[in-house]
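Below is one structure, written out as structure tokens, with a few remarks after it.
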Amino acid sequence: MVLPDGTKHYHRLKIGVMGSASGPQTQDPIAREKAAKLGAEISRRGHIFINGACPGLPNDALLAAQAVGGFTVGISPAFSEYQHVHEYLSPHDHDLIIYTGLGFMERDIINIRSADGVVIVGGGIGTLNEFTIAYDEGRPIGIVTNSGGISNSIPHIVQELCMRELPPNIVFDDDPVTLLDKLETAIRSFPLPLVKDERVTKHGIPG
Amino acid sequence: MVLPDGTKHYHRLKIGVMGSASGPQTQDPIAREKAAKLGAEISRRGHIFINGACPGLPNDALLAAQAVGGFTVGISPAFSEYQHVHEYLSPHDHDLIIYTGLGFMERDIINIRSADGVVIVGGGIGTLNEFTIAYDEGRPIGIVTNSGGISNSIPHIVQELCMRELPPNIVFDDDPVTLLDKLETAIRSFPLPLVKDERVTKHGIPG
Amino acid sequence: MVLPDGTKHYHRLKIGVMGSASGPQTQDPIAREKAAKLGAEISRRGHIFINGACPGLPNDALLAAQAVGGFTVGISPAFSEYQHVHEYLSPHDHDLIIYTGLGFMERDIINIRSADGVVIVGGGIGTLNEFTIAYDEGRPIGIVTNSGGISNSIPHIVQELCMRELPPNIVFDDDPVTLLDKLETAIRSFPLPLVKDERVTKHGIPG
Amino acid sequence: MVLPDGTKHYHRLKIGVMGSASGPQTQDPIAREKAAKLGAEISRRGHIFINGACPGLPNDALLAAQAVGGFTVGISPAFSEYQHVHEYLSPHDHDLIIYTGLGFMERDIINIRSADGVVIVGGGIGTLNEFTIAYDEGRPIGIVTNSGGISNSIPHIVQELCMRELPPNIVFDDDPVTLLDKLETAIRSFPLPLVKDERVTKHGIPG
């Protein structure tokens, strides 16, 4: 894949799936169906599926991605498989799990940086944390609207509450398949910032 | 200081100040006045003042804390003083700066963990990131209400958007002095979780 | 795979390859041949190959692992593929690269934690850093002896210089194939510590 | 303080003290005396004293630094004071402790980056880890020779085992007071690298 600036993209796309891992959103049948449809479509397109190796909606997406035969990666907060399974009580059906040993908050950061683009389904406080990281670091983001939680509130949060702009690499759609089309376009059209603290060189001030 | 469980608290309290470092909130005279009043009061009470060594409202608080003669600490995203001053173009009037070399996102985490309680004034996306970390890790939080940005939207964000509970160690007040009273009570009444991923032992699931 | 304590190991083994990425050791034909033999054998056994996505001996191992058709993962210090390729000037032939955005030192930690066991070929200061992490965190380690650099000095460093014990999950062999036999036995015989700071619960003191 | 390139150094110097936290070196009376002499001299010169908030030789230095009335900072692996005191069973007499919540290995990195220069007394595997980080990131290092552990083996490790150069900002002396003179000169003469991964811009290859 050749990027707009003429450089080449060397690898299969990696799409990260974030969203409610606990709370009422994880029981919403519409959210669960959208998560599963999303996971399956990521695999069907030949992309590598990534999530935080957590339960809830990202795990619904994982199981669907695997049913289609895609390659799946989990980024774990745990130090080891034992801790992941027996202390975090977390899913581990992925083809590969990266054990960061860093805990939830730092795991969220690595999770986002490992994906070329991230998709959010439903989502509570933990997902909002991931959204703020992805936003601040300029990562392309797809929002599955009408999937509960924060999914319909992103423009409200960014523009009204935080008084910031909604950048063009954040895309929205009710339908996970159409959303992936838009996200792929955003990934191709808006390369990542050159450094993780791009705001430094742009503004000299944090967001 | 003796904590409710009978253990002793060994050090001077450290109060972290977070809030808008850029954007329109930093120019709001009411927010700036509240930030300065907050910083001065932290010093006046003999607490150690901590911020992210960033510009904006946390820097207004810093300068006021120093004017009163308090000890002030900055947690920098930069690798060195040179990078802090000449690339991040960040303030450096603190008595002590910790250079994490980790960038903004990971700096936010260390910033919060270094404080016994954090206070939020104004705030955009970066501050929202810090709020979600402090919330998820059970850190006592004081919100200076009516200081712009997200300061009046925390219950809305937690309860309505994220569908989570508002824990009793998050306190609110228009007045920074009264807020510090409430925050000190919260710090004494609600000791920190025993581990940073407390949710693991409680629920086995991320927030 | 069932571990000695009766718990199950759920995934394909992941073997990390560390060693000289720069310096004179990278030009030693014997070290390069051993690195290639190691990488090929990891793939041949169906294990997932991991390295730090760096040049030198770990890259020799990577190319051999790929020639055999194994699945290969790189843990990058960079924030993005662009930074990895154009600033770090690092190899990127892996099937999957995790972009940590953390820099070399923190990358080393994630690199080690992601592998069930690590193998060291040759090695200078950077590799010594990785060895001390793996040692301190109780990760099984295989040393390809007579591959230059620190490869013949590990017992000297641990026992004579640092005055510590050589644990039984560090194994040695001149031949990468025999070494992998020994490392697999060590991985099965000595499960990882239950927490990353095992020394805490054992001794209350850092190593 | 004005640096050689004409830029100003804004803060009191911060000197980090590393060394054996466990093992036989911590009982050596000569090492303990040198550690105490070092800590006292750091305070006497008006520098800020930093250590990893661990037991052993760095704690001997801390107590001496405090006896002279200096300001002392600990960088803790723990998430909270409770965990620091009751799980890590670590000293906490510092004027200020930064709780990173990151564990030993990542704490070592922040510990080093927080100091303008680091001094090593005695030292086992944990200290060797810290040395490799400081070396790789170009931090000025003072070695208290003849203090046991790795203190007399640094040139051997760097030049003979790792086949690397000994940079001019690593200084050596038997006497902690003379060593501090040399370290201060090194700090003034050799500013830190401009970025933490300086090797990237220099060589494109990890160390």
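We call the chains A, B, C and D, going by the order they appear; numbering starts again at 1 in every chain.
As a working rule, a residue touches a chain if its C-beta (ideal position, glycine included) is under 8 Å from a C-beta of that chain, and two chains touch if they have at least 3 such contacts.
On a predicted model such as this, the values are computed, not experimentally measured, just so you know.
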> Would the interface of subunit A with subunit B count as same or different, where same needs over half of all numbers used to appear in both copies?
Replying inline: same
>> Relative to subunit D, which chain's C-alpha centre is the most remote?
In response: A
>> Quick check: more C-beta contact pairs at B-C or at C-D?
In response: C-D
>> Taking the mean of the C-alpha atoms as each chain's centre, how many Å separate subunit C from subunit D?
In response: 27
> Using the average of all C-alpha atoms in each chain as its centre, how far is it in Å between subunit B and subunit C?
Replying inline: 39
>> Two-or-more-chain contact residues of subunit B, please, as numbers and ranges.
In response: 101-103, 106, 109, 137, 196
> Looking at which chains touch, is this a line, ring, star, complete or other?
Replying inline: complete
>> Under the definition above, what is the set of subunit D residues touching subunit A in their complex?
In response: 101-103, 106
>> Help me check something: in the complex, which residues belonging to subunit B touch subunit A?
In response: 21-25, 52, 54-56, 77, 87-90, 103-106, 109, 123-126, 128-129, 132-133, 135-137, 149-150, 153, 157-158, 161-164, 196-197, 199-201, 203-207
>> With touch defined as at the start, can you tell me which subunit A residues reach subunit C in the complex?
In response: 7, 9-12, 14, 48, 71, 73, 75, 79-83, 85-86, 92, 94-102, 109-110, 113-114, 137, 191-196
